[in-house]
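Note that chain A is present in both complexes that follow, paired respectively with chain B and with chain C.
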Partner chain A sequence: MAEKAQNTAHAGNDVGAILKDCVFASLIALAIFAPIIGLKTESAPGGLILNQRWGAVFIATAIIFFGRLALHILFWSRAGETKKKASAASRLGTKLEPLIPFIGVAMFTAAVILPWLPSTDRYILDLGTLILTYMMLGWGLNIVVGLAGLLDLGYVAFYAVGAYSYALISTSVFPMILPHWMMAWAFWLALPMAGMLAACWGLILGFPVLRLRGDYLAIVTLAFGEIIRVVLTNWISLTNGPNGIPGIPRPSFFGIEFTRGDNGFAHTFGLQYASIQRIIFLYYVILALALFTNFFTMRLRRLPIGRAWEALREDEIACRSLGINTTNTKLTAFAMGAMFGGFAGAFFATRQGFISPESFVFMESALVLAIVVLGGLGSNIGVAISSVVMIGGFELFRNLDFLKQVFGPDFDPSQYRMLIFGMAMVLIMVWRPRGLMTRRNPTIFLKEKKAVSGDLVAQGRG
Partner chain B sequence: MEYFLQQLINGVTLGSIYGLIAIGYTMVYGIIGMINFAHGDVFMIGSFVSLIVIVALGITASTSFIVLILALILVLVIAMVFAGIYNWTVERVAYRPLRGSFRLAPLISAIGMSITLEEYTRIAQDARPKPLQPIVNGGFEVAKRVNEAGTFVVSLSYIQIIIVVTTLILMTIFTLLITRTSLGRAQRACEQDTRMAALLGIDVDRTISLTFVMGAAMAAVAGLMFLLYYGVIDFYIGFLAGVKAFTAAVLGGIGSLPGAMLGGLVIGLIEVFWSAYFSVEYKDVAAFSMLALVLIFLPQGLLGKPEIEKV
Partner chain C sequence: MMAAMAGDGVLTIEHLTMRFGGLLAINDLSFSVGRNDITALIGPNGAGKTTVFNCLTGFYKPTEGRITMRRANGESYLLERMDDFRISRFARVARTFQNIRLFAGMTVLENLVVAQHNTLMRASSMTVGGLLGLAGYRNAEKQAVETTKYWLEKVQLTDRADDPAGDLPYGAQRRLEIARAMCTGPELLCLDEPAAGLNPRESDELNSLLTFIRREHGIGILLIEHDMHVVMEISDHVVVLDYGEKISDGSAAEVRADPAVIRAYLGVEEDEDAPEVEELVSEAVPVTAPKAKAARSASKPKSNRRKPKAKGARK
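Here is the complex of A and B:
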């Protein structure tokens, strides 16, 4: 019924039809909001009681009504032009194409000089480190999802493996086998191990699920992610269970620790001791790791294996017919993605100094996946932009205190960030399923290089 | 032996709940070939609506038997209607615009929808678990063992009977709906070939919408049963229950309705017996490993048709 109303609205801009459609939408909205928002269950001495909040229902329904009205007036009234608009958007994309390397260079320069800007304080550096961690995770997952077209919903498992590998190796194994002076090198020794262990887990988990098609694979990887988390929570003798592992060694400046003493970083380089030195160092470590991931992926794309990944994403059967070993191709994609997840996990552990299974929930996988999807599957620069937008946007929610003046002191904007995040994921898929960067760089071309629109590639028919 | 019997009873009860949720997965997958990741959260919504209606009607354990049964049926109907509206909207907003898009698009959109529903409920109803005083008390004593370790009573509670009987009744109605009505025929036609069905005059969009509504109604039944059985719900119950029900649907053979019920029973039994004889902590691992094993070794499921790969 709504659709019919919508169609007539498209045809003749009929005011009555638009109003009818808006009323219908708000009736549905009323039915949706009335029980869950309107009647809040509260614990009381005698059991649950209901707290009525019809005002909120009314506001929410009104938002839906006017939102739909606005959509009708602003977008849907020009239904006939939608096609033209889309092509205009892709034309805009082609125009922006030469700018993309500049965006990359600009972002790189900004990232490098960020710690030296006068306005940069600890808060900004921490945020930058967080963004870069997710950027690295996004680039790692991009190998699996964007290039090889295998939807992995359990990426956080590898992040967890990396973090726990580093934490366990550096707190339990190294003190036993390493001489004391080498302990300062713990991070640098354990980092490759964490990456390798995560890659091994990538192989172990990847091997049995390779025969599965796209969405089955997604659910199984999700199950594996949960299995790893449940094991980490319950294997108390190894992981200390939900209490987590404290006292994870901090990284050193290649053997020189960030301490106040005579052997510390500040004293060695004749600087005044300041705790921010470690923060800046951590920032550069993750920047280097992230750039390494990016560089590595870009180079891999030009190797036969990278081409095989993309070919696999486009058409698995054709791949097999052409003699590409799909098993090995998928496994390497899984292992590579897992390895970078492991590196990022090790960095996370050393930065926090404490890890517990709570940091490795499904929501993290969803967040990284959302970053990759928003950026445009397969586009590294898109992932970089979207991780800045996404994590930066999350952080913005913490700073929306002025909304408290509008909605009253009980209003906590940061409560809503995951809700907005979920809705954004749906909206991105509905309006721009190819993400921000829809342009695809052809890895191989005849005579001249032509940009390919994202609509022309079959993303993720795994 | 008595212990085994008790676990069997518990497993069948839990399995009925999983089976009811699994129907929604299997129907949607059968008809449009996508995993409705938000289905577990529709189950959660159904559970919350049931809770709210129960509290609003003031149903307690002291309500007389006839009134109680009538009231519970009322709660059931209301929860089914609201869950249906939710899933209808989810399909309209998040899935319909993506038909014909690339394969992963609806799945990603569904994950977003799942997060949205969870967070919406968390904000609207807060994150605390909601306990409900037991409404249906008592039960039968099936068997009893007395030895030096003490007495062990195998009980079959009324609520377990209600759950299994309701599931059976609804499954029967549902099967009749699919096999005997024109709507069911349209659904089966769409399942086989959407384009051909459309050419023959079936309103495919409407059929798909109704499929979502019916799946949601079944999930809402499961939601009420879950609430009555465990007595406590929160905004996050949909995630685990959803993944397990999906496992059940896959195990039974995705697209097959009796398969979903059978798969639900198997998963429920596995979970209960694993908790009883091995370790409670790893029961989720058992269910998830089961999913991986089934998909690897028996991808077409117990009652499903093997999929033919077309080039």
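Here is the complex of A and C:
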């Protein structure tokens, strides 16, 4: 206790010193940058002229100020406390963890009211839809990687199977067998089928890889993802190859299509027709699908099957000694994960209206896996936060136009996305190697629910 | 007495042989475990004790031999033909591990509930009923929690039910592993060195737990143990293995007096070292055997003297 109090007192004295140091550093920076960055000579018709760029100087100085502040907070702490201070990010995460229920409720509320906010435009809605798609994929993959501890690098395969299933069923099969009026229901009829087919592919992948663990499993699933893509590219008679499948039916509001006409959504509900109605509807569809995924996995976790998944992640041999059929347990994990991947794929197909194998590259698998790992294996709220950060963060780069003032008009910030993405991943792995949300909530308790510290939870080796 | 047990025993091992390539880990081993008996399997390091366990719980497929499990309801199972998880589920053989294998990231309660997976899975109608929240599953889960409470009390872990298993001290983890094995509802409990790393008080508690299990639940217990205190005090029947072969079989007193056992532990025919094992044995159980008295001055036991020859066979 005494030590803690002393530390706090110490910290109070330090704030002034740190700020003084930061201001001093930025003054030096200002002195250096003012002539170097602030003044630029350019050739003009009458000779050289001086261009003044005080905005850029200000940004550079601010970077120095905050950079030095960050260094103080994260690294340059008092000796002996270095280790504690170095994990500032990790402490931030630990502080966040008791707030999980509130974060969940806040994110849910924000997601529900987003389309009705005055500042929301089509761009924001599209971005929201994209984030929710990845969130759903992340939650699906979380079953396989986070709960069952099976490293799957080819998750995009199931996304592709779902998308192509929906595309092929709705463009080739339904027009032949369904009466015309039912075509409006195409999405709702094909959605479960896409999920089922993806789950079947999950089983088909699951069988041969049952005996593989860790790295070997990762390699085989990676290959599986690539095989699916290559087959989609080359099986031209079925998939139309690299040209893709166009004209995929759009979802309807339970039979009422979003068209400008007497039978359209707007007319039926007495609204003015607007193309954004479909966008809002799509947004709510993926929100509902994602929440369904979340609810379903959370419920499965509390059932014997979910506990068996987690036990499998902890110790496979012990599982078998307790009479748990590990083969079936792994297969159900693969199939469940694949099913949600398939749902997300069907949604992707109907949103885009056009799909081609180009959408299902390894990068997608890596991104979804990165979302799961960054969020914290097994934590659904962590996955939600990290998908907002990653997908939203990616999009932010498109809007960093002020950087052009610093680096010149040729600078395209969006080209640096992957660089920053990589750096962010490295930093996260240094500070919070187990992801943002590391603690595991027990599925059942006798007296008091105590979260299990992440250090004890196994990450699965196969 | 032995002959009577062979017919009636819960587990009978006949001519069990296990080869790993050129290594003969178990050679023509036959013995039986009586229902309601505590049978100890002892022997120097590398004698093949854990290999026997792995054969009878399905983790290894024996090269030759037959392992018969007779359940109380009259069903009998040939374990050498069954998958490991089926042995636990249908033949009702539960085991613990030499290096504790708990689900460290799950709470104590969860560990015990996972052990009742098959019962709960049936009650949840393969997950569907559980998803819908049917009453049948809810009751089954309550029942499962009652079972865990019973065992938590028996192993004195009720207070720590909601703590992660990985946070428990070593002795408590050993007890929890036994409780977890008991939650599968076994008729034969196989314990691989349950007293390893326990202090004398804890191994006394282990003794009373094992005698309690035998008395109240009427199941057979087969244990591998180096701690002679445990072996001599509670076992009804001791089987001694050396280099994969049975060298002695009988009651604790018979085995203790068997010269073959003494040789196996000390590896020499000369009497030079021979008293040591008796010292070791007589420390645990006061005996009046005349030989033991001569050996009071012997140094510490060193039953681990021999290099584990059958290293490949272990685990």
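Keep this in mind: the second predicted complex is superposed on the first by the 362 of 462 C-alpha atoms of A that agree within 3 Å, B and C clash if a C-alpha of one lies under 4 Å from a C-alpha of the other, contacts with A are read in each partner's own complex, and residues count from 1 in each chain.
Criterion: a residue touches a chain if its C-beta (ideal position, glycine included) is under 8 Å from a C-beta of that chain, and two chains touch if they have at least 3 such contacts.
The structure presented is a predicted model; accordingly, all values stated were derived computationally and were not measured.
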If touched residues of chain A are counted for chain B and for chain C, the larger one: B
First (chain B), second (chain C), both or neither touched by A:Met107: neither
Contacts of A:Leu303 with chain B and chain C, given as first, second, both or neither: second
Touching partner for A:Val173 - first (chain B), second (chain C), both, neither: neither
Which superposed partner A:Ile317 touches (first chain B, second chain C, both, neither): both
Which superposed partner A:Val426 touches (first chain B, second chain C, both, neither): first
On chain A, positions contacted by chain B and by chain C: 317, 458
Chain A-facing residues of chain B, complex: 34-35, 45, 48-49, 51-53, 55-56, 60, 82, 85-86, 88-89, 92-94, 97-98, 101-109, 111-121, 123-126, 128, 130-133, 205, 239, 243, 246-247, 250, 279, 281-282, 284-285, 288-289, 291-292, 295-296, 299, 309, 311
Complex contacts: residues of chain A adjacent to chain B: 2-3, 28, 31-32, 35-37, 39-41, 43, 47-50, 145, 149, 151, 153, 208-209, 211-212, 214-216, 218-220, 222-224, 226-227, 230-231, 233-234, 317, 362-363, 366, 369-370, 373, 377, 415-416, 418-419, 421-426, 428-430, 433, 458-462
Touching residues (chain side chain A, partner chain C) in the complex: 296, 299-300, 303-305, 307-308, 310-311, 313-315, 317-326, 440, 442-450, 452-453, 456-458
Residue numbers on chain C that touch chain A, as the complex places them: 57-59, 84-89, 94-95, 97, 101-107, 109-110, 113-115, 117-118, 120-121, 124, 127, 130-131, 137, 141, 145, 149, 158, 161-164, 166-167, 180-181, 184
